[in-house]
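Heads up, there are several structures right after this.
In what follows, chain A forms one complex with chain B and a second complex with chain C.
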Partner chain A sequence: MSHSHAHADLALAPDNVYLSDNAGRSLWMGLGAVGLGLVAVTVLGGITGDAKTASIALHAYHTAAMYVMGIPLGAMGVVMILHQVNAGWSATLRRQFENVMRLMPVGIAAIIGSFVLQAVFVRVFPAGEKAPYLWNWMNPAYIDGDPLYAAKWPYLTLWRFYGCALLYFAIWMGLSSALWNYSTRQDADGDRWHTARARKLSAVGLPLFAFTTAFAAFDWVMTLDFHWFSTMFGVWYFAGNMVGCLATTLLVLVLLRSFGRLHVCFTDEHLHDMSKLLFGFTVFWAYISFSQYFLIWYAMIPEETLFFIVRREGVWNYLAWGVPIGHFIVPFILLLPRPWRRKRGVVGLMCVWLLAMHALDYFWFIRPEVKGSGLHWLDAVGVVGPILVLAGALVRQVASGPLVPLKDPRLGEALGHTNTI
Partner chain B sequence: MTVFQPDREFALGRARPRTPDAHDPSTVDGTLIDDPGVRAPLVLGNRDFRSVTATICGWIEDKTPKWWFPAFFIAANVAGLGTVMILYLIITGVGVWGLQIPVAWSWDITNFVWWVGIGHAGTLISAILCLFKQKWRTSINRFAEAMTIFAVICAGTFPGIHVGRVWMAWMLFPIPNYNWIWPNFRSPLLWDVFAVGTYFTISLLFWYMGMIPDLATMRDRATARIDEKVTFGPLWAPHPLPGFIKRLTITLPANRIAAYFYGILAMGWRMSSRHWWNYEKAYILLAGMSTPLVLSVHSVVSFDFAVSILPGWHTTIFPPYFVAGAIFSGFAMVLTLLIPARALYPGMKDFVTARTIENMCKIITVTGSMVGFAYMMEFFIAWYGANPNEKEAFLIRAFGPYWWAYWIMVTCNVVSPQVFWFKWARTSIPFIFLISIVVNIGMWFERYVILTTLSHDFLTSSWGYFSPTWVDIFTFVGSLGIFTTLFLLFMRFLPMLAISEVKNVMPQADPHHPMYHGHGHGNGHQNGGH
Partner chain C sequence: MASAPDQTGAAALWGLAAEFSDPAAVSHAAEAVRDAGYTRWDVLAPFPIHGIDKAMGLKPSRVSFFVGFGAFLGLTSAILMQGWMGGIDYKIIVGGKPLLAWEQSMPIMFELSILFGGIAAILGMFLTNGLPMWYHPVLKTPALSRASDDKFFVVIESADPKFDRAGVEAMLRGAGALNVEEVER
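Here is the complex of A and B:
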């Protein structure tokens, strides 16, 4: 037991589990300011251009909004799964997942931003079939005489759309705040039964999470082209979010460790296991994306293939090749050797790489909806802006409290965690 | 920002798992403990390594249990019936089944998919749960893997015999022949051959490799008995044996046979640390290889349907939905077999604790709900996709001539596993047994429902209704017999629980454990031998 004593002393020393006061203050303010500035540039760039430019700006922004929404959402899923399976090894890491989960309001604000931006743009530009809508089914000129809209209208109404969005936001905010409160209250009072309560909540939360995530993906991405449909789409959004949130959290952990925090709490063993999870979900993402693409490609039914044909034309075809290679093959090769999965440098770089690929994946799904357009400088600005805001908010969140759940009943287990092989 | 002082004593206190209160009735056998500060014990009954070996090996070495012979007799006869049905089919032709146009594919493929699905639990338990470090899996993984292999054997029978001209089945393999006819590599049925073939090979290797240390234990125990003298009188003699009856003192040939049988299978395993090192490395590698296979096999099986353009079959969620369903049915089958075994074999409850069973119930609820999620998505997109044929296919499934099959499926697969949200359901063994059978029925119907889509061809004039013939039914029943026979043989002759792995998760295996010091260092694996 002498090992554990030494571990616990070192692990829970205040300068190991806290960042210094005002740490990262200038960083998060800078990131936030630049990010918001880029968002402003996106809006201005959209408004000052023609309708197509506005549409490009809108779609680029929406790509980032889905990204910024998805990462806290995925983190909430991970927190609930960790509670559900009574995970012990991850007790010291869970706070970072919770920090990412805590950014839920940023994601929600980003999505509301999409709603607002569309509303602004369609008022600035003349109405008509080419009006800069994200969701074309909201455009009366676009759906006029469309038989598919006529068949789907009960789902594609504004009331249902915004009503469901409110419902998703309420469920996500409720779950994430409750989970956060259990965890931070335990820091204060040390009541181990908070863990049991969080676990009970997670049991109910996970089915809610599954359904809301799937329908959010339908509402916000799949109905961008309301002609198209895929039963897999919710699972695809979930898989992408898992990769995104794991890469984000792992990056935070790696950075904290390199700033001299989380000794013993985040060892090579934890790094190894987190890398395995990242690797696993990268493969899972590939499996889901491949299955979706492959089944549609093989069956070659016009109403389904149209969606992917658009994404295989022009500049998008480079992404059609680049995303599978960058999002699957490269990380698959680099994260496969065991020694590399235990190197903070390699893993950290892979996280950055995967976060970029994850954005490209969403970009490839969302942006080609602006038909007949190529890449535009607004794409870079529109996608990066909200992501920088998220990064700034994350820095602020991480610096604001203890870096581990201080009184988690399974802390001891996590401190002694090892991989036998 | 409030700074809480980290509580050193608190963390240290939690570092030591506390002993659960075995007398608390709400924890059943002491393992169903909800306290987050306590880890439930994985092995009960204050066992040491020696008693673990003795108990598990005892199930093989002791006299054959009385129930085993009648069970084997029935199972073997049913298996024989199945074999006769297959022979009848081959001699007569596939016309003996109820297949016709439009339903030219029914029970044969339903049974295949059902069995392959069942065959997913073993590898999930031994590979994925191993990678997730779920220690409770050690007491059921051998059992589940054996089940997997036998289920895949049963599954493999059906595509083989359903091709019509069975003697041409070899053409599924890419073997060039004199006419230079190659298999159609674009056909998912061919991918099935590769996917299931790979899966079977890796599962068999994994199962066998994991068993080698235990087989060596069996070998050593049998070798120790080779020269053991046994004295007995004739079978008809009364007990105790009267003095005037001639006694016979011999060494039992069964011990010699067992020593060679297990000896050959153990492949020279000597429990050396180098052997263990290689073993652990191979174990984790095979676990890594098996993990994608768990997903790929049933994904490929789902491609059999999903790559087509048939309404009701072509839907993108099929691959993960099939995988979830497979794990669902596999866990149900493990429970169906495990619950009677747990009651029949003395001491098994110490390893397969109430918590093990509860965990499995929870996995059944999770995967059953995933399947329910997929059913819902299918229905939603069938409507949202606005393809009238697709919509029609789903409406006919639910309200057409096969409505009963559809609602059996929904009740068994989606509704019934929800009972495990309640603790009383997860702790009542007879009830769990009942649900496990219900789930198996439901999963069979799931595949049947998918196949019934064929009965509504595109022209109303071509609609039909499939009814199985007696050959269909008895072939399926026969496959159950083959499965049960193989499983009974496994229970009788091979170690049902992974002895060395169970020892690994016992507190004594931890070098910091007082009992470890008490017996001196290094006794962990030495004890494993005897």
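Here is the complex of A and C:
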């Protein structure tokens, strides 16, 4: 007992669990300004070009919007899972997941940005089948006489679409704010029942999270081509988000450790377990992505195969090979040896690499919907802009408070955590 | 029951066993034995003790190399098997798919990697831990049977290059042993 007390004193020393005042201020302002600037360039580039350029800009932006929405969502899922299983080992790391989760408004703003940008673009450019819609089923000229639209119209209506979006936003904001408040109030008053309340909320929140993220993926990505459907699409979005949020959080932890914070709180043992999770969800992502492709390849139902035919032509075919290699085979090999999973340098680099691959994965799913187009300079600008804004918001969020839940009842367990295997 | 005398006439000493009452005590004793530089010794306990491999200074298990080799072998045989059967020996077009599509071989490649890896894990485990072993001297010593019930033991073999009976007994008692027993061959 005295051993863990000595640990706790060392771990919770202010220079270990706080960043200095105004830390990262110029960094987050810079990231935010450049990011917003790139978003503005995307919008201007879309408006000043032709309808196809506008569509390219819109799809590139939407790739980033799904990315920026998915990372806080995944982090919220992890926070709820950790509460639900009463995880002790991760108590010192949970605040960083909560910091990522706290970026929920940035993600929601990014998705609303997609709605607004589409609305602006379709007003600027002439109506017709080629109008720059993100969701073609909203284009009256596109769906005219389409039998598949006629079969699916009850789901594909504007009221249902925007109504559900509002519902998802409300549920995600509600859950993430409540979880954040339990955790930060406990910092102040030390009431251990906050932990129990968070656990109860997570029991309700996890099914809500599962359904809303799956349907958000259906609404915002799958219906980009409303002819197409995949029953495992919700799981694909979940798997990608888990990789994204784990890589983001682990990168934050590794960087904080290299700035001389989180001694004792984030040891090689915690790093090892986080690497295992990252490795596991990388494999899970590969399993889901391959299964989705494989079943459609095998069944050869025309409305399903079209999706992959488009994505295996031209420049997209390079991504069709590059993404599985970069997102699965490379991290699988580099994160397999036990000693490498315990090296902050290797794991930190893998996090950066996986975050880039995660963006490419979404890009490959969303961007080829602009039929008959190749790569465009707006792709880079449109994808990177919102992601930089998210990075800036994350730096600001991490610097704004204590780096661990200061009075979590399971802190002692987390401080003494070791791996037996 | 009298033990059989060996060729020299004296009952052969196989090793010394020290008894401890709890996992923490046996872990500390294991650290002492490790630091004293003994190489042929073991810890007996009724259940797995967290951190005992570190306390004993055990090297990481080599089973993972067997698993890696087995998985690679499985992957290779799956590729060769699928290629031979579908592409060379029995060419038949199913569902309009190419004869040598990697997609349809993927589940086989995955499953055979897992299967061969799993079998290699079991074989590797037997090869590295010396099982099956039909007889072991500690089974003959009645006092040590409590290692499967409520006691913890450190056993140092007389074959250890550093073994000398009086020194080992003193060291074990110094490490907090409740009792030191002789183990016959």
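Rule of thumb we're sticking to: the second predicted complex is superposed on the first by the 416 of 421 C-alpha atoms of A that agree within 3 Å, B and C clash if a C-alpha of one lies under 4 Å from a C-alpha of the other, contacts with A are read in each partner's own complex, and residues count from 1 in each chain.
What we mean here is this: a contact is a pair of C-beta atoms (placed from the backbone, for glycine too) under 8 Å apart; a residue touches a chain by one contact, two chains touch by 3 or more.
Since the structure is predicted, the reported quantities are computational estimates derived from the model, not experimental observations.
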### Task
Look at where chain B and chain C land on chain A after superposing the complexes, then choose clash or fit.
clash
### Task
Report for A:Y298: first if it touches chain B alone, second if chain C alone, otherwise both or neither.
both
#### Entry: Greater chain A contact set [chain C / chain B]
B
### Message
If we overlay the two complexes on their shared chain A, which of chain B and chain C does A:A13 touch? Say first, second, both or neither.
### Response
first
### Query
Between chain B (first) and chain C (second), which, if any, makes contact with A:T418: first, second, both or neither?
second
### Task
Examine A:I112 and indicate which partner it touches, taking first as chain B and second as chain C; both and neither are also allowed.
neither
### Task
Could you look at A:A188 and tell me whether it touches chain B, chain C, both or neither (first, second, both, neither)?
first
### Message
Under the stated touch criterion, which partner chain does A:L255 make contact with: chain B (first), chain C (second), both, or neither?
### Response
neither
### Message
Contacts for A:A23 in the overlay, against chain B (first) and chain C (second): which applies, first, second, both or neither?
### Response
neither
### Task
Superposing the two structures on chain A, identify the stretch of chain C from 2-10, 92-100, 146-154 or 164-172 that clashes with chain B.
146-154
### Task
Enumerate the residues of chain A that count as touching chain B in its complex and touching chain C in the other.
298, 300, 420
### Query
Considering the complex alone, what residue numbers of chain A touch chain C?
290, 293-294, 297-298, 300, 338, 418, 420
### Summary
Listed in rising order, chain C residues that touch chain A in their complex are 50-51, 53, 60, 95-97, 103-104, 106-107
### Message
Can you tell me which positions in chain A touch chain B when the two form their complex?
### Response
1, 3-5, 8-9, 11-14, 17-18, 21, 85-86, 88-89, 147-148, 151-152, 155, 187-188, 190, 192-193, 195-196, 199, 203, 207, 210-211, 214, 218, 229-235, 276, 283, 287-288, 291-292, 295-296, 298-301, 303, 400-402, 406-413, 415-416, 420-421
### Message
Residue numbers of chain B touching chain A in their complex, please.
### Response
1-8, 10-16, 34-37, 39, 131-134, 280-281, 283-284, 292, 295, 299, 303, 306-309, 314-320, 369, 373-374, 377-378, 380-381, 384-387, 421, 512
